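The chains carry the letters A, B and C, assigned in the order they are written, with residues numbered from 1 in each.
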Amino acid sequence: MHPSSETSVRAATVAIELRGVTRLFGTIPAIVRANLRVERGEVVVLRGPNGAGKTTLLRIAATALSPTYGRGSILGFDLEREREEIRLRSDLLSHQTRLYEDLSAAENLAFWCRLLGLEAAGIDAALERVGMLEVAGERVRGFSQGMRQRIAVARTVLRRPDLLLLDEPYTGLDAEARHAVDDLIREAARDGRTVLMATHHPAPEAVAHRELHVDGGRIVREAP
Amino acid sequence: MDVAARGLGKATSRSGERALGIAALVAVVVSATLSLVVAPPDAVQGEVQRLMYVHVPAAWLAYLSFFAVFVASVAYLKTRRIRWDRIAAASAEIGVLFTALAIALGALWGKPIWGTWWTWDPRLTTTAMLLLIYLAYLAVRRVVDNPSRRARWAAVIGIVGFVDVPIVHLSVVWWRSLHQQATLLRIGGPEIHGSMLTALLVGVAAFTLVYAYLMTLRLRVGRLEERAVREALSPQVGELEEADA
Amino acid sequence: MTARAESFRTRNSVPFLRQAAAIAAKDLRIEIRGRHALGTLLPFAATLLVSFGFAFGPGRDVLERTAPGLLWMAMLFAAVMAARRSYQAETEDDALEGLLLAPVDKAAVFLGKAIAVALELLVLVIAVLLMVVVLFDLSPGNPFALLGAFALGTVGLAAVGGLFGVVAEAERTREAVFPMLVLPLVTPVLIAGVRATDLATTGQAGEAAQWLGLLLAFDIVFVSVGILVFGHLMED
């Protein structure tokens, strides 16, 4: 584990390190003794049948869930004790777009910028990049899943996380939205940031470094 | 924290449990004798007043249990060790029984004395609010199936509830002082006859032992439940470290 | 490993109160758009009060005497509904988890939401007060003591509702548990609020001071405790 005294310069070349992570929901084991190691700058894809535990694994890495047993560190920060540091540097994109229905696309992003101290000036550029600038003033309530996910992508663009986590991001998306997600992943890979993604879809070409298979709560390595 | 845990471990061993059980039984018998036979009947209220020897200890335990819930809740949030959640849950289950008992006895006592079941006596009313908070605590535990979330939420309620009870009591006391009505129980030196006081204190001690005994029982059942769950899981999961004793 | 990949950002630089203000502003904007207070709470309060009128009337006496109590009962129910609504917006697209996974001070989420609920309730209170003055012939008495009681009372209700509202929405069958939690806890607000209102409207505003003090103490305790423990209600 990494000494927590080192704050500004993390000696971490490891983005994700999970050791013996088990997560139970009551008597149901979702993830069992998972050991995962993702180096900085890697793009790793998790594959596996529904209910295999991919979502649980991602959510643990995102600090949305804490492991029932086991330990880990994300970007050099302890999974249990330094969650806010992890949250500062990572972002999770899933089927749930985490938007406020009664606010417009621009207002949603403006809220997040105000909350996180991000540059509000970047909002228009981010919306344009995902092709949502024209409808920026309309309420989210009328939007399709593809449009919502594009707003979520714009939010991630503004946040520039060091670790990008994606849980079945392509579900229910149209072509334009899928393109926006691919674009986000490619940009992260280009910048040397880390990506961990669970999906049934093929990953954007030539981006994924590794593929891991998850089944019955365990990780089975597939490609080197 | 660890010293307390070790002491708790000792008390909850089988021999400790048996010793506690015997002590509790003895204390209850002694207390019953004192309150029913030895202590004289009240000059004003007559035999009915003997209800005090059960009512007051029950009320004392209602609050002691809740204090235990509070302490265990704080300990859980600080240490995240599931043992504290188990203690809080056990104490709440036992406490709610004593609380209901105290209120029922209070009503039983009040009927012949005041002619009505309920007089909004400040202490009794606060105890009734305590019962409602207990019930809310237990309801949340029942309704949440994710164990880590259940433990956290219950702990928060245990803490918030405990902090609220004194404020509730203060507001009820002020509220009731608008109407000067005597309470059932006047605890204060010269008012209580010597042997009555003794009987009362022995009753309190007896009930405390009963509480401790019930706690050890409940905690043992809880541990057995968890062991059963772990064993049911082990074919899929393998040997899991015992989260804590 | 490029220089850009290494993050030298320290904690979220936005100060705590500014985070809370952003959240409160967001909640209020949603409220104004959705018009929940105007569209649902106000008619609900009005219906409740009229029903009380039927139940306890038509004698003027009884209504006048019970008016403070009925007023606060209406506020209690409105507070439960407002808090629940506040969290409903957070669960539609799981925005609450977004707040959890962002480097936002969780206590700021609590404070922001409680502030928004308190402001909604205050607006509601003024409208409801007018209704009660009309329906139950309640004299406004000492307006300062009256407004003080309501300001402090709504803060207390909003604090408890804002704290446990997350319990109401986070999982499915929690509907009934939320009021079960809130109502016993806000007993002091009910007692003190009714007493203070009664004293203020019958020309005894001086004696209302102790009840206002109790309300203030309740507010301070619950806001402080809420700030300390709210994070635990969001984490899993």
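Please note the rule applied: a contact is a pair of C-beta atoms (placed from the backbone, for glycine too) under 8 Å apart; a residue touches a chain by one contact, two chains touch by 3 or more.
Everything numeric here is computed off the predicted structure, so don't read it as measured data.
Student: Looking only at C-beta pairs that count as contacts, which pair of chains has more of them, B-C or A-C?
Tutor: A-C
Student: Among the chains here, which has the CA centroid at the largest distance from chain A's centroid?
Tutor: B
Student: Counting in whole Å, what is the centre-to-centre distance of chain A and chain B, each centre being its mean C-alpha position?
Tutor: For chain A versus chain B, the centre distance works out to 47 Å.
Student: In whole angstrom, how far does the Cα centroid of chain B sit from the Cα centroid of chain C?
Tutor: 32
Student: What whole-number Å value describes the gap between the mean CA coordinates of chain A and chain C?
Tutor: Chain centres of chain A and chain C, defined by C-alpha means, are spaced 35 Å apart.
Student: Could you list the positions in chain A whose residues touch two or more of the other chains?
Tutor: Those would be 66.
Student: Which residue numbers or ranges of chain C touch two or more of the other chains?
Tutor: 235-236
Student: Two or more other chains in contact with one residue: find those residues in chain B.
Tutor: 146, 148
Student: Which residues, counting only chain A, touch chain B once they are in their complex?
Tutor: 22, 24-27, 29, 32-33, 66, 68-69, 80, 217
Student: Contact residues on chain B for chain A in the complex?
Tutor: Listed in rising order, the residues of chain B that touch chain A are 80, 145-148, 229, 232-233, 236-238, 240-241, 243.
Student: Quick check: in the complex, which residue numbers of chain B touch chain C?
Tutor: Its residues touching chain C are 77, 129, 132-133, 135-136, 139-140, 143-144, 146, 148-149, 152-153, 155-157, 159-161, 163-164, 167-168, 170-172, 174-175.
Student: Give every residue of chain C touching chain B within the complex, in rising order.
Tutor: Checking each residue of chain C against chain B gives 163, 167, 170-171, 173-174, 176-177, 180-181, 183-185, 187-188, 191-192, 195, 210-211, 214, 217-218, 221-222, 225, 229, 232-233, 235-236.
Student: Which part of chain C faces chain A closely enough to touch in the complex?
Tutor: Going through chain C, the ones touching chain A are 1-2, 4-14, 18-19, 22-23, 26, 29-30, 33-34, 89, 92-95, 97-98, 100-104, 235-236.
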